[in-house]
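Below, chain A partners chain B and then partners chain C, in two separate complexes.
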Partner chain A sequence: MSSAQIEIQLIGLVVAAACALPGVFLVLRGMAMMSDAISHTVLLGIVLGFMVLGDLESPWLIIAAAAMGLITVSLIELLNNTKLVKQDAAIGLVFPALFSLAVILISRFARGVHLDNDAVLLGELAFAPFNRILLFGVSLPHSLVVMGVILLVNIAFIALFYKELKLATFDAGLAMALGFSPALIHYGLMALVSVTAVGAFDAVGSIMVVAFMVAPGAAAYLLTDRLDRMLLYAVLIGAAGTLGGYWMAHWLDANIAGSMSTIIGLLFVLCLLFAPRRGLLAIAARRRRQKWEFAQTMLAIHLLHHEGTAEAGVENRLEHLHDHLRWEPGFARGVVRRAREGGLISQSNGSLLLTAQGRQLAEQNLEG
Partner chain B sequence: MNLWELLASLVNDHTVRTVALGTAGLGAVSGVLGAFAVLRRQSLLGDALSHAALPGVALAYMLTASKTPLVLMLGAGFTGFLAIGLFFIITRHTRIKEDASLGIVLSTFFGVGLLLLTYLQRNPDARQAGLNSFLFGQAAALLTRDLVTIAIFGGLALLVVFILWKEFKLLSFDRDFGSSLGFPMPGLDLLLTSLLVVVIVLGLQAVGVVLMSAMIVAPGAAARQWTDDLARMALLAAFFGALAGVSGALISSLGSGLSTGPVIVLCASAIVLVSLLLAPNRGLAWNAWRNWRSRSRLRGEAVLLDLYRMGAQHEDALQPHPVSALEAVSGARATQRSLQNLLARGLVQPGKNNWWALTEQGLAEAQRMEAALAADRDEQ
Partner chain C sequence: MEQSLAIQISDLTVAYQEKAVLWDIDLDVPQGILMAIVGPNGAGKTTLLKAALGLLPIAAGQVAIFGKPYKEQRGLVSYVPQRGSVDWDFPTSVLDVVMMGNYGKLGWVRRPGAAERRAAEAALDKVGMSEYAQRQISQLSGGQQQRTFLARALVQDAQIYFMDEPFQGVDATTERAIVELLKELRASGKTVLAVHHDLQTVPEYFDWVTLLNIRRIASGPVDEVFTEDNLRATYGGRVSLLSSAPRKEAA
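Entry: the complex of A and B
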């Protein structure tokens, strides 16, 4: 690996971690699409900042862009509060307008500088190592330093306000009753998302920022019920997607950010399928098991009901289950076999007899 | 170029005419389907679907090596359906909410598309397939055959909406009631969403992946402000969409560096802004005026009652009182203006030195109000 390759992967890892952390809260709070809106409109902040400052390297640009992110959030809320449009429409109205304005401003007034629409949407991580700055005598890629600082800010914010964030996310009413301001926490989080989006879109482009923020958090949400673990898993999934994506892009000679979000998407689909308890396969298996368990309980109750009565000889036979319980013959055989293996019933001369265990199950369920 | 020349170019200039016709048609069709999307809270689904079309375009090109718009559109439609499928699976079977599953579908499908397109672009021949034209659209490159495509598919989509109007209305407003009547609601849902995919794919060429969502949301959201009737809303949305399309095409034909897509979106946004402010009954300006009017009416009534109650303590109910006394009693602001309003309605009359008295008509009105207030109190 050349040093440029190592640096690109390092930048990718830092971006992934910096995005995944606030992303977890976006997913939990149902505001994931805010990241889409913000990552587009920060462009307007950068363009306006550039027109005022005339300098693309100024750190003030990050502030201007992040401010535009917060303005976007406020505009969406303002529009939402008029009750004239619903929240999804408010998002869908505000950010395309601001983004269009930015695109037109760029093509009218900022042509020729390094600020073109493709780079903004798609990012070009491959060029990141060429833009370097000197920090304490060490030459480092510009994006690595910027994203490193942003990552530290994110970690610090979440560590300092962990309790408040958790409370405001899971029980906004209680948070308010205890005297925390949900609005303050909301805007703090949105400021974090804005700053992160500004820093990250330079490297991976505004649309992939959404992949880095939302997909790891959502995948982690399928894996665990604990917030601290969710944060950890999200960072790990983002990191794995970054490294895997880098090497796939290397192999295919294709866009790095696109490749990274492809792998992150694949990791999400893997979690969707195979997550223990919440994955699609686990859900299907649970439904299947419940179906058989329910049928065995039905069988036990049926047997108990007719046990010791005159018609028991007719009712409590395998062939009769079809008439009485409307079970297909194949299904009935399956239920009887499972019940016998589970020690709920025994079979003699074609008659089904409850064991003590089976009788207990039936009685328990009847008592309800 | 003045406005007249600009409008004349619509008729005379072949390119401008083609572009304007194309964007108008697109705007109209996306307006109608957008009206449903806005009502069904699926505004952002359009955003996700338009991004999800990108890998389809790349796949279609990889498989057929053809740049025919129809082939690329088929590919885009295919991945659009995949995206809808994934979106529904995630939201129905897991606890991940709609916003997050939209974000995931949107960004990862776009990532896959980008991966495929940049992979293709190693082959120089593919470069002209133009990533750019799908990101921001190239309305200026619309040809007559594109108009035919838009007319056929857009027309078909509108025809389906027309035929299944009642069913789609049920779906949008009371899905459960529709199911209870025996309509196949999941199938209708899929059909309506599929029509949305068709429109988005049609629009990609002109407006582009990034901004197509605005063409879905903006006309519908604007039309919603003007009416409560679905048919009128759909027609208005079609009109607004077409208006945004034509004006966007015209404005961008004026200057270099004005891509049509963003200009159309800004025109649509301007229509939304005007609608939000001015629409009767719902608009912000309308509401502000109505509030102001009812507030000044209430203030006037308070002054009238004060005058009546002060008069009731004298022999003569029509006894004049100075404004200063009225101000002291009511504490209300703008007493003078309220008096002028009451004067205009013939309920009070001015005397010397800014003293005011009730007229006979004002007395009757105040007595009626007092009686109504007393009745209210009794009820409580």
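Entry: the complex of A and C
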């Protein structure tokens, strides 16, 4: 591996981790699409900042962009609070307006600077190592330094306010009653998302930022029951997608950030299918098991109902389950076999008899 | 006596966009009682709790907790929101939710430690949920969710408990456990204000009651104000269910 290759992968890893951390909270707060809005409108902040400062490298641009991110969030909430527009529509109205304003400003006043639309939308990770700065005498890619600082800020913010973020996300009412301002926490998180989006879009483009923020959190949500592990898994999934995507791009000779997002998306699909308890396959298996369990309970109740009555000899036979419970013969045989194996019923001369265990099951369910 | 009033609400009006949901509420709650707040849907019961806790802006009036504004008395008040107000799929454990009751005392940034953990475990034990401490909250039944919320409120170790429908959708065992807990709280001098739906059980579970329907219809000891006339005034024509409540008490 050349040093440029290593640097590109390092930048990817730092971007993935920096995006995944606030992304977890966006996913849990049902605000995933806020990342889409912010990652686009920060461009307006950069353009306006550039027009004022005339310098594309100034750290003030990040502040301007973050401020625009917060303005985006407030505008969306303002529109939403009129109750005339739903939140998803408010997002869809605000960010294209601000983004298109940015695009107009670039094409009118900032033509020729490195703010072309392709770079904004897709980013170009392959060129990231060419833009270098000296830090303590070491020459490092500009993106790596910027994103490294942003990653540290994100880690510090989440470590410091972990309990506040958790409480405000789970139960905003209690947070407020206890004196933690949920609004302050909300805007703190949105500022984090904005700063991260600015840094990341320079490296991977504004569309990929959304994938890096939302998919790792959404995938990690399927894998665990604990918030701390969800944060860890989200970072690992983002990292795995980054490395996998880099080498896919290498082999296919394709856009690096696009390949990374693709692999992250594929990892999400894998989690969706195969997650131990929340995955689709696990859910299907659980449904199937519940179907058989429910049928066995129905059988036990049916047998209990007719037990010791005159018609028991007719009702409580395998071949009559079809008439009485409207079960297909194959299904009825399956239920009877499972119930017998589970010790719920016994069979003698074709009659089905409840065992003590079966009777208990039926009575429990009838009590409710 | 002023200082024996746990909660004093005066002239409280709450409005959503110029439409009043609570009109000019006066309410004195003495210390050491269990008070039910009853009234029809849309009467403003939850709004009353939330406004008293500063969760909603109030249009007019004052709320005093032991004679001072709520903001200065947060540590004395514990809040049990409606079970349905949170996302039970949130990735966290029962113990962790109960520990949240400690966050107010900890303040910003400080993390809960061993002492907070012990307090949470003790509270879980009190509501009979010890064995569920490590359970993911989405795997709880409705009754267990409510017990978790009550444990969280106990951890706050408050003087006043605001509870929004603590009996809503819980099983009979949990209901009895909650009633026991309420009586224990009262025995140790705490004050409970609970939104309640089941009129039949008001005289059995509570000793004071407030009848609310946008306005305060009546408030006082159950045997004085929980009368058919007041219920009729609160619920209007929809009283078919109600006449049995006072009768039951007489029987």
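Throughout what follows, the second predicted complex is superposed on the first by the 368 of 368 C-alpha atoms of A that agree within 3 Å, B and C clash if a C-alpha of one lies under 4 Å from a C-alpha of the other, contacts with A are read in each partner's own complex, and residues count from 1 in each chain.
We adopt the following convention: a residue touches a chain if its C-beta (ideal position, glycine included) is under 8 Å from a C-beta of that chain, and two chains touch if they have at least 3 such contacts.
Predicted model only: the values in this text are computed from it and were never measured.
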Field: Room on chain A for both chain B and chain C (clash or fit)
entry: fit
Field: Three-chain overlay, vertex chain A: chain B-chain C angle, C-alpha, nearest 10 degrees
entry: 80
Message: In the overlaid three-chain picture, which partner chain does A:163 touch, first (chain B) or second (chain C), both, or neither?
response: second
Message: Going by the contact rule set out at the top, does A:253 touch chain B (first), chain C (second), both, or neither?
response: first
Message: Which partner chains sit in contact with A:103 here, chain B, chain C, both or neither? Use first/second/both/neither.
response: first
First (chain B), second (chain C), both or neither touched by A:173: second
Message: If we overlay the two complexes on their shared chain A, which of chain B and chain C does A:230 touch? Say first, second, both or neither.
response: second
Message: So in the superposed three-chain picture, is A:242 touching just chain B, just chain C, both, or none of them (first/second/both/neither)?
response: neither
Query: Can A:196 be said to touch chain B (first), chain C (second), both, or neither?
result: neither
- prompt: So, does A:221 touch the first partner chain B, the second partner chain C, both, or neither?
  reply: both
Field: Comparison of chain B and chain C by chain A residues contacted
entry: B
Field: Nearest-approach distance, in Å, of chain C Cα atoms to those of chain B in the combined model
entry: 7
- line: After superposition on chain A, the chain A residues reached by both chain B and chain C are 221
Query: Where on chain A is chain B touching in the complex?
result: 26-27, 30-33, 35-36, 40, 79, 82, 84-86, 88-89, 91-93, 96-97, 99-101, 103-104, 107-108, 111, 117-118, 121-122, 207-211, 213-215, 217-218, 221-222, 248-249, 252-255, 257-262, 264-265, 268, 272, 278, 280, 283
Touching residues (chain side chain A, partner chain C) in the complex: 28, 160-164, 166-167, 169-171, 173-174, 176-180, 221, 224-227, 229-230
Field: Sites on chain C touched by chain A in the complex
entry: 50, 53-55, 71, 74, 77, 79, 81, 85-87, 90-93, 97, 100, 103-104, 106, 108-109, 111-112, 136, 138, 152
Task: Note which residues of chain B are touching chain A in the complex, please.
output: 38, 41-44, 46-47, 51, 89-90, 93-104, 106-119, 122, 131-132, 135-136, 210-211, 213-214, 216-218, 220-221, 224-225, 255, 257-259, 261-263, 265-266, 269, 272, 276, 282-284
